[in-house]
Amino acid sequence: MTKWNSGIVLENKRIRSTDIYIMKVRLKGDVDPSYPGQFVNIRCSKGTDPLLRRPISILRFDPAENIFEIVYEVRGKGTQYLSLLKQGEDLDVLGPLGNRFCLKEEYERIAVVGGGIGIFPLIHLLESLPEKVFADVFFGFRDSDRILWEILPKKDNIKLYISTDDKSFGYGGFITDLFKENTSDKKYDAVYTCGPKPMMKIVAEACMAKDIECFVSLEERMACGIGACLGCACRVQTENDKIGYGHVCKDGPVFNARKVVL
Amino acid sequence: MTKWNSGIVLENKRIRSTDIYIMKVRLKGDVDPSYPGQFVNIRCSKGTDPLLRRPISILRFDPAENIFEIVYEVRGKGTQYLSLLKQGEDLDVLGPLGNRFCLKEEYERIAVVGGGIGIFPLIHLLESLPEKVFADVFFGFRDSDRILWEILPKKDNIKLYISTDDKSFGYGGFITDLFKENTSDKKYDAVYTCGPKPMMKIVAEACMAKDIECFVSLEERMACGIGACLGCACRVQTENDKIGYGHVCKDGPVFNARKVVL
Amino acid sequence: MNEKNINLSIDIQGLKLKNPVIAASGTYGFGREYAEYVDLNDWGGISVKGLTLEERIGNPPPRTVETPSGMLNAIGLQNPGVHAFIQNELPFLRRFDTAVIANVAGNTAEEYATMARILDKADIDAIELNLSCPNVKKGCMAFGSTPEGIFQVVKDVRRETRKPLIVKLTPNVTDITEPAIAAQEAGADILSLINTLLGMVIDIHTRKPVLANNTGGLSGPAVRPVAVRMVYQVAQAVSIPVIGMGGITSGKDAIEFILAGASAVMVGTWNFADPACVKKITEEIKAYMIRYDISDLKELVGKVEIY
Amino acid sequence: MNEKNINLSIDIQGLKLKNPVIAASGTYGFGREYAEYVDLNDWGGISVKGLTLEERIGNPPPRTVETPSGMLNAIGLQNPGVHAFIQNELPFLRRFDTAVIANVAGNTAEEYATMARILDKADIDAIELNLSCPNVKKGCMAFGSTPEGIFQVVKDVRRETRKPLIVKLTPNVTDITEPAIAAQEAGADILSLINTLLGMVIDIHTRKPVLANNTGGLSGPAVRPVAVRMVYQVAQAVSIPVIGMGGITSGKDAIEFILAGASAVMVGTWNFADPACVKKITEEIKAYMIRYDISDLKELVGKVEIY
């Protein structure tokens, strides 16, 4: 079993009229499995511009078929390149990279809070949730068009709360407010969050105040994606309470909120 | 009527198993007509690599439909980008650029000598030849696979001589030898040549020895393609017999062989 | 804030620009070549191909080669000479509502001064001293690489002209602030930077340099980070205005230079990729100003907030 | 000529490389990170992440930003210190058949000398003095920018070690041959260049530099023409061997540097785009040698034919 290094695009389609795409890729060779929280680093050009790979979370992985899926929003040159790939084309992809969401055997009730492109790694987590674990899921979207019904998990043990920034669906306002309003009386075993930093910070602080384990999945600009360049530094608390740097691609992307400075 | 600046790809197909493609493009707007010898300068990326446009000869132009065609060989990044364009995609194209093959009213018998990718502008010339003009055409190809039967002109006033470098079809050897062997007794009104420089040099010298007008179509590395950067210099004879520089994109690509230093 | 209230114009030491986007010298010929593709009125200004006292035929070909996100050129200052420019090219350029900048290069300090004297009487808006062309054997970058050389040339030129005097700096130096300060002290009104970085490409099959001149000047997006850094350093070090350039392709890039300290920008190599870029760049600058409620571009100059 | 007869190995002043392709410092960690993706035995050598006497935590994030065909980095020499390297990282690297080069940076000439003394006793193949890191406040590039600074540091280090001593030069200078000659005179065995060009990127929305360090070092294909030019200039100016780098992505690029005068090459930024590039690069070099009937790579070093 080896690390992923190339695949073939099976499907690459735009989600309705959004700038969000879902891509399905079959990996070549006998590859390592992946786990919720991990990501891939994809080469997005045939030349030297863009030069660096682009990190994208793994949405799903099917070990039987060696197929993984990603969802991505077109932001700049790299993701535009991805959006133009056609079925049958090769994909140069490194993975699975990074650590995983830590879901302990004994957990029974968790919450998940995601915003924007931060929801994708969380969906991987939710889809692989054991039946006995109950999850309250809080997802914030910019507007109702961007609510990705196509990939939102529908399971009995999952309760979905949705907010939109423009008030076009569900709760109108910050997902963090919706989260706080609905959880003041609840005690989760753990809370998992991914999205804009200010959102994660609020979630993390709310959890720490109640002494709930909170796991944040960070983003940082990356060059290598495998821990070699030390480019993707994030501030962490070291043992002796000093500030040090962890690396999102290798030590993360998932960090215990207590150990990281948001 | 304006200069060309954008079009839509109508067709872009590989010629058999060669690395040569033929592309048909419909121009937007009410555009200037083009003439044999002219070329277009095409943007071959969405980003900054490759940075510069690529010059490609115009193979055909249909003024009624605003459609032009080009034939190109995939050599590097730029032409690879072109080869991946699909029907319906936009093409950023400047044209028509450069001067034209000079075909005087009184000409009755001409010869055309082309090698490799040099045959494409010559085909435009041959297709627009008046019926009364007879042409002996000498085209050299690397091998029989690359003989582009698909676009070779078949007309009563055109006689075709073909050579292949690997002797797999027609005359085995240099097209210049075939040219010399078959023309020692002939007196053309003009000879037109495009292809590798050594080939053009031999043709030009043979013509000048017999005092036949000879027109060469040159290639040079280009940046702007419109005469502004002065990048595409070629050595020319100035009036007082000194060496000066002409510019392939503006003063050319077609030069009278007597005026240019090959 | 709407399009109407936006002021893109700027007066830098008497050089009046209706917008801050100028065509960089050597990439825009004498404007004529582009007139079929672009409305020359869109430009804030046009800096013409580098002029010398006498006509120059330039370097032998090949003169250009593409590099990753950039290109090398070794044109070698091919131009018809300053007199022919005034006679044959200037009248055409003057038909348009755009500032005309005469870019000049000399073999000696005296030649620079002579050209300045001639141009002082011509109908141009500013003189740009090219003290930084890497592609000619004598003069030019030889002067431009030392603060002393710059000081001398600028001083001599200053005596000959009251036109706004732009001094263009080479980036091929250890500390860009030294020549900048020297130029300011010698009487320059404006600094422009960067000219090209000296580079070389070798053809592995012929085993010769691709350029017949062996080396050439690197320009285009590849150099932008170096240019932004130098514009920032120079703007911090001098009190005269700076014109920034090096790899600009968009309004975003232009604003990056303006925030770094440039009062105006020049666009060179990108014209080759997109001849119609000037309009897009000014539109993008406007859109940015509307978005952030900025009525006057001058409010942005040098406004980068350093960590 | 066939694959079997081709000699890619080279001994440069005692540094024995089985092939001329070396991982550039700072882009390959301590090799460990790439071991899952690449056979480390494929490398002629690996220059490890820049070491300092004591551990350093490096600069605050963001530390990298992409630029056209390049990137800026301001890692700030995060590393566990030279002792921890010898203890925890070196044994792993030593399992592979590849030369190990210790890249070091100091705040003072004394620190450089101390590290050299320590490393002289370690199981490494060469020491590379990083006199050119643009991303730390003290030392390093401050020394590297002047011939005098270089001379002093190299002289002090030379006394402490008999290992092959590589001095790495910064390209941010007016004349690259001056520091090169200074390093040679002070006793360097080998020169390596280029380190990164100082650059800056500004985020127009936050109006701050993207890097928390404000500036960073530009690397990648964008800088290649500048690097080739400098390698050529240095190879002409000194008699000791040169290791060339800056934007190498292929065997073609590597051969360009070798023709310019490099005895070996280093590959940095491209590892991020293509972790498996080392194998491709050596294969392409071999294919070139077969095509042109060259049995020994040394025949190509410096063989560019200037116009």
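Per-chain residue numbering starts at 1, and chain names A, B, C and D are given in the order in which the chains are listed.
In this section, contacts are C-beta pairs under 8 Å (C-beta built on N, C-alpha and C of every residue); 3 or more make two chains touch, one makes a residue touch a chain.
Remember, it's a predicted structure, so these values are computed and weren't measured experimentally.
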Chain whose average C-alpha position is farthest from subunit A's own: B
B-C or B-D - the one linked by more C-beta pairs in contact: B-C
Cα-centroid distance, subunit A relative to subunit C, in whole angstrom: 46
CA centroid of subunit B to CA centroid of subunit C, Å: 36
Cα-centroid distance, subunit C relative to subunit D, in whole angstrom: 34
Where subunit B touches two or more other chains at once, by residue number: 47-50
Two or more partner chains touched - positions in subunit D: 68-70, 220-222
Topology of the chain contact graph, where touching chains are joined (line, ring, star, complete, other): complete
Residues on subunit D engaged by subunit B in the complex (per definition of touch): 68-69, 221
Interfacial residue positions of subunit B with respect to subunit D in the complex: 47-49
Subunit C contact footprint on subunit B (complex, rising order): 3, 5, 43, 47-53, 92, 94, 220-235, 243-245, 250
Subunit C partner contacts - residues on subunit D that touch it in the complex: 67-70, 72, 145, 172-174, 197-202, 204, 206-209, 212-216, 218, 220-226, 228-229, 232, 247, 252, 255-256, 259-260, 288, 303-307
Residues of subunit B defined as touching subunit A within the complex: 45-50, 77, 80-81
